[in-house]
Amino acid sequence: MDFRPSDRALHWQERVRRFMDEKVLPRSAEYWAQVREDHTRQPPVMEEMKAQAREAGLWNMFLPGEHGAGLTNLEYAPLAEIMGRHLWSAEVFNCNAPDTGNMEVLHMYGNAEQQARWLKPLMAGEIRSAFLMTEPEVASSDATNIQTRIDRDGDHYVINGRKWWSTNMGHPNVAISIVMGKTDPDAATHAQQSQILVPVDTPGFRVERMLTVFGYDERPIGHAEVVLENVRVPVENLIAGEGRGFEIAQGRLGPGRIHHCMRVIGAAERALELMVQRLLSRTAFRKTLAEHSVWEQRIGEARTEIEMCRLLVLKAAWMMDNGGAKNARSEIAQIKVAAPRMALKIIDDAIQAHGGAGVSSDTPLAEMYAMVRTLRIADGPDEVHNRAIARLEYAKHGGRG
Amino acid sequence: MDFRPSDRALHWQERVRRFMDEKVLPRSAEYWAQVREDHTRQPPVMEEMKAQAREAGLWNMFLPGEHGAGLTNLEYAPLAEIMGRHLWSAEVFNCNAPDTGNMEVLHMYGNAEQQARWLKPLMAGEIRSAFLMTEPEVASSDATNIQTRIDRDGDHYVINGRKWWSTNMGHPNVAISIVMGKTDPDAATHAQQSQILVPVDTPGFRVERMLTVFGYDERPIGHAEVVLENVRVPVENLIAGEGRGFEIAQGRLGPGRIHHCMRVIGAAERALELMVQRLLSRTAFRKTLAEHSVWEQRIGEARTEIEMCRLLVLKAAWMMDNGGAKNARSEIAQIKVAAPRMALKIIDDAIQAHGGAGVSSDTPLAEMYAMVRTLRIADGPDEVHNRAIARLEYAKHGGRG
Amino acid sequence: MDFRPSDRALHWQERVRRFMDEKVLPRSAEYWAQVREDHTRQPPVMEEMKAQAREAGLWNMFLPGEHGAGLTNLEYAPLAEIMGRHLWSAEVFNCNAPDTGNMEVLHMYGNAEQQARWLKPLMAGEIRSAFLMTEPEVASSDATNIQTRIDRDGDHYVINGRKWWSTNMGHPNVAISIVMGKTDPDAATHAQQSQILVPVDTPGFRVERMLTVFGYDERPIGHAEVVLENVRVPVENLIAGEGRGFEIAQGRLGPGRIHHCMRVIGAAERALELMVQRLLSRTAFRKTLAEHSVWEQRIGEARTEIEMCRLLVLKAAWMMDNGGAKNARSEIAQIKVAAPRMALKIIDDAIQAHGGAGVSSDTPLAEMYAMVRTLRIADGPDEVHNRAIARLEYAKHGGRG
Amino acid sequence: MDFRPSDRALHWQERVRRFMDEKVLPRSAEYWAQVREDHTRQPPVMEEMKAQAREAGLWNMFLPGEHGAGLTNLEYAPLAEIMGRHLWSAEVFNCNAPDTGNMEVLHMYGNAEQQARWLKPLMAGEIRSAFLMTEPEVASSDATNIQTRIDRDGDHYVINGRKWWSTNMGHPNVAISIVMGKTDPDAATHAQQSQILVPVDTPGFRVERMLTVFGYDERPIGHAEVVLENVRVPVENLIAGEGRGFEIAQGRLGPGRIHHCMRVIGAAERALELMVQRLLSRTAFRKTLAEHSVWEQRIGEARTEIEMCRLLVLKAAWMMDNGGAKNARSEIAQIKVAAPRMALKIIDDAIQAHGGAGVSSDTPLAEMYAMVRTLRIADGPDEVHNRAIARLEYAKHGGRG
């Protein structure tokens, strides 16, 4: 057992951290000004930063093996943390969800034609993509509930359904979506679903509205409610084969959760940092807030919670690298619940330390809170993950796993 | 001791509840549509409802004695709860903060001329008002920190300072503000401040920007950051006399906190109601969410917490009616901390029960959360109120109170 | 609505408080010394105090109507709080569980002969009694699980079963028990059980062992595990009639829970008092603990939680007085969960404030903690009560109540 | 970074685990029976198991380097966890506090004579020892508060003071104590204290009473209050030199906290195990408790909290091995707070799952709770550790560290 990161890992962290400091953070104000000016276009500064990151070799680092930077999950995780400090920055490195997951899916399950047509421009950062899974009418945490239909009709599939929380659908560059739906509702539970590529300009594919999160319209990324009405795509667009949708969905979850959780830890670290700076600079009742012992307790607990949570995420990443996602099932469920909870508490304390500035746009805290709060719901609510962990514990003692 | 509300109290509750059901809630969609269309104007539907409420005698009920409806704090409190279920509805009854507090101040401390000029149109609902107290640069929970200056210059006062979280400054009908500042920084601690009437169209009075709360721009009400630069108003605009600002501020806090807390309880009740309805209607893993025992626990606790908190707020109201705000100092501090905390937990659970709908605008929950969260900061952060309660406990045992 | 206690209620509180101060607390050390010397006998000082309390008319105050002091539940509740500050003191006033519940049962359901034989000496404080309900083998919170059999055999009933947590079975004066068991396992769910009087010296009635609570042997009161093996009692010992056991059990719960919860509030008040005194007297890092703001927060919250909880218990008592226990079903479940939880938090904080003295016998805190902790289990665990509350909420919206 | 334990570490874990299963646990009932029979003598079965453990080479494993088993802190930590599952078992392996800390001190700071006289029999398990630091009159978390005096008088030191929570003072084999006191109250803050060896049979050394923890008399180990009245020992008994007491105390804390925390994690694991077994075997409302979703949530969280906490303790151990205790200052403070808090929550849930059996002696849970609760106080209360962590965070941003 060794808690020292490898030299290679430290080297990449150093590179990303320096790029953030030198190329990204100095342009943060510019980025937000462009977003505020017109959030329906891609802010030009983002494309400039992307070009620089790509040139610097800090590009697609999430992708394992030769196509990316060749990093393991354990090595990539701390990079996700660095990006998570400023949640919008992941796009600079072409490492933002859900494009990352979509690229992984195409990388692992796409055929050569699909890869040439969609994976290549995605990896080049030329287009953006969405993943259409969650549906408004049903508890989507139970995949068997999905109602969208993908019906074969000659050389085409015809897709009908309603999806929401389709991230990136507000993005000016979004070109392609991967849609989850049922090709055979009568098949065995986990063989009913398929995944299919649907260009967003296909007739019948309609963005019904953009969703807000705690009042935040998150464009130029943005989450949409999408209606698919008799959307026809060629049979070649099917990924991997009929009935493999559930399998593909499972495969993307492991790395995605590592990424999410590490970004959340990055957000928590930044909130802690902002909180400490505030406490040291603000005075009430003749001493700095930092000297009031109630804040000592909160800071002590914040540091402790971050440290514990990070170690568990890193261990889960390591287990995935050494045995695969199935091996790390319990740990991945654990971090999915633990990381947002930890971060929400710290961000909330940081808001409290900032007073009115905390709930307004003068700090990133309120928006962080909103985004992290959605992670207790997205990708399965806490309750479903705790249930999964519990069943694995029960199974150790002869209970139904 | 008798927990049965008086017939008179029940009668008023019945009247307000029926008016809400018949005249207000059916127009909720219309109200929000008009707000979305243009949030810089007063939605016409609001003025129509105001006219109906005034005609129905459901008007200025918050104001004690003959000028209002003659209700005690204890009798008015449940009406605030009813309005709190839909936080925007208080304006319908001319019972919304900070106009209520401003009317109370003018009622108690204003001279005849000030009352004729400003109190009369406020009570008629013809104009709106703001209260400019909090400042961005200092911990305003410690009133001695206030930096705004109100300097005598012949027949005028000249005001310089920077205020924020000035609610109503986004309101199209806002006409007058009450500004807190120092007339004599060298006086004894609580005799430095004064309050003065400043029309919002006075030269040098400038709205620098509107603030958002967790992404919500709360116009047509709205909170502003306001700069006062050499703002000159006649000496007649001073309220009550130089050095009485702190005393006036204290006086408005008691009733205002009762109102806030009861509205928060109304919000919690509504969140609980929405949560139960959701749990009963949504199915996961072959049973309704309501049947999952983790939700039984949360619902059981939500009901309990609401009941306990409401009783304490009502008791504080009763104590104010029977002995005044000073008598109820500890209780008022207690509810200021307890009510938002209770409500935030319930709203958060309700969000979780709703999944993606909970964080979006499909339910009022996320906005409720944002608004209630600010109440842990506004009007003194939790920490300051707990400190006040503790010191009263210490004093019982010979400690410094 | 009126939060002022009646003069009559205040008068009784004053009497009990003064008696505690003058006659009970000065002899606390003597009481404990006698207990430590021999916990299998009744401490003589207890009998002396009982005689004084009876003479002072502070006796059986829990019993409604002419047989007691004629107090309502609302009037008696604050007296239970005063006794709860020193949990052993309730016996002084003949107001200790489970004798109180047993006396109520005999008062309401016992026939003349049963009352003459058992109620009279109980009310005189001459004997003590136990209530044998809970069984070690089953989840007794579900009354249908009870396994003890009460079988008719000619002029006798024959009882077989195993009970535990039979309070008072360590008491030297214990003479009689009320046993819950099934007379007809095939009857409708709530008509299977009966309650029967069983003298503790009946052959076959055997105390198998005394139980400890967190290491505390609570004799001279004490909780026992009892085995009943072919215990024969005359049919006249049956209370009210076959099949009425569940009904009788329900009847005793309402007042009993009010008493328990008010005693718990008394314990919490005392813990808060001890905590404040400690904080004011102990110094660390050059100031009293009281001045460390983390303790201000805890004290502020402790005071708030006690106030809220007490109001809810009093309201539940008032509802029972005005409409009966069924009317107050939800409220009684609410306080059963809320009061111990509230008290445990405060006692735990008080322990922390006392350091090593808190966990030892130098303060009453650790034993208080142990006793209150059992109340989250005894008489139905929290989970079952929250479930009951939730179902009543669901029923309001058309769910299964 | 590598989360795989070394083969060597796994090998030792396997050995200790097997020894526990084969030699210790089968004799648990015997051990407790002997303790109950007479808790003032050493249970013979303990000496038998000690002999076996020593013969098996599972002896003094805590001690680094050649004198022990040559294990690092990181390698020893999981062994402490295994022992912590049954807290009394550490003595079997001569790895119980405070003997471990005392042996470390003598190993590092004792001179040859001191080692021959005291370290040798301690390492052989022939005698037991106590560490007399905490005092009842002062907040001992602030070492400068210590009042015990160690005054030079010719060839002797004369010691006067009062100590408590002196663990092992109830042990029949206790022979030696290390006493912390002030040799020079006028010296610089951290040079006032010294540590000195005091045989427990020295005249003037008096055990005033044994302390209980939540009702548990923890003999044959036991915690005492000790009075030292003109206790004279030769100057040769001083450890390391006058004024080095604080330095020596600091040195022992690091490893000791790792051991404590890992034992606490062992206790938490066992509580989780007992809880799961109970949930699977008990039925209420027609399904096992395990199937009630509220328990799924608690089990999910318990597993997560244990995993996170263990990783942090292991990391702290690794940091101590690679850079020393000073290097791991924040992490050691973090685990000191986090481990007991985590365990208390899980043990409390396990108690709730067990109902009456949970608070009684039918499970080890209530005693576990009592013992772990003291760890939030012993060796510095949570508040002091959080303060230390916070100051290190503040220092990162220019605050006073």
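Residue numbering begins at 1 within each chain, and the chains themselves are lettered A, B, C and D in the order written.
One rule holds in what follows: a residue touches a chain if its C-beta (ideal position, glycine included) is under 8 Å from a C-beta of that chain, and two chains touch if they have at least 3 such contacts.
Chain identities (UniProt): A, B, C, D = Acyl-CoA dehydrogenase.
Treat the numbers as computed from the prediction; the structure is a model and nothing was measured.
Look at the CA centroids: the one farthest from the centroid of chain A belongs to C. Chain pair with the larger contact count among A-C and A-D is A-D, by C-beta pairs in contact. Between the two copies, chain C and chain D, the Cα superposition rotates by 180°, quoted to the nearest 5. The mean-CA centres of chain C and chain D are about 38 angstrom from one another, to the nearest whole unit. For this pair, chain A with chain D, the centres built from the Cα atoms lie 43 Å apart. Per-chain Cα centroids separate chain A from chain C by 53 Å. Across the assembly, chain C contributes residues 292-297, 382-383 that each touch 2 or more other chains.
Against chain D, the residues of chain C that register as touching in their complex are 134, 136, 139, 141-142, 145, 164-165, 211-217, 282-285, 289, 292, 294, 351-352, 355-361, 366-367, 369-370, 373-374, 376-378, 381-384.
Of all residues in chain B, only 292-297 touch chain D in the complex they form. Listed in rising order, the residues of chain C touching chain B in the complex are 1-6, 9, 74, 272-273, 276-277, 279-280, 290, 293, 295-297, 299-301, 303-304, 307-309, 311-312, 314-315, 318-319, 322, 330-331, 333-334, 337-338, 382-383, 385-394, 396-399.
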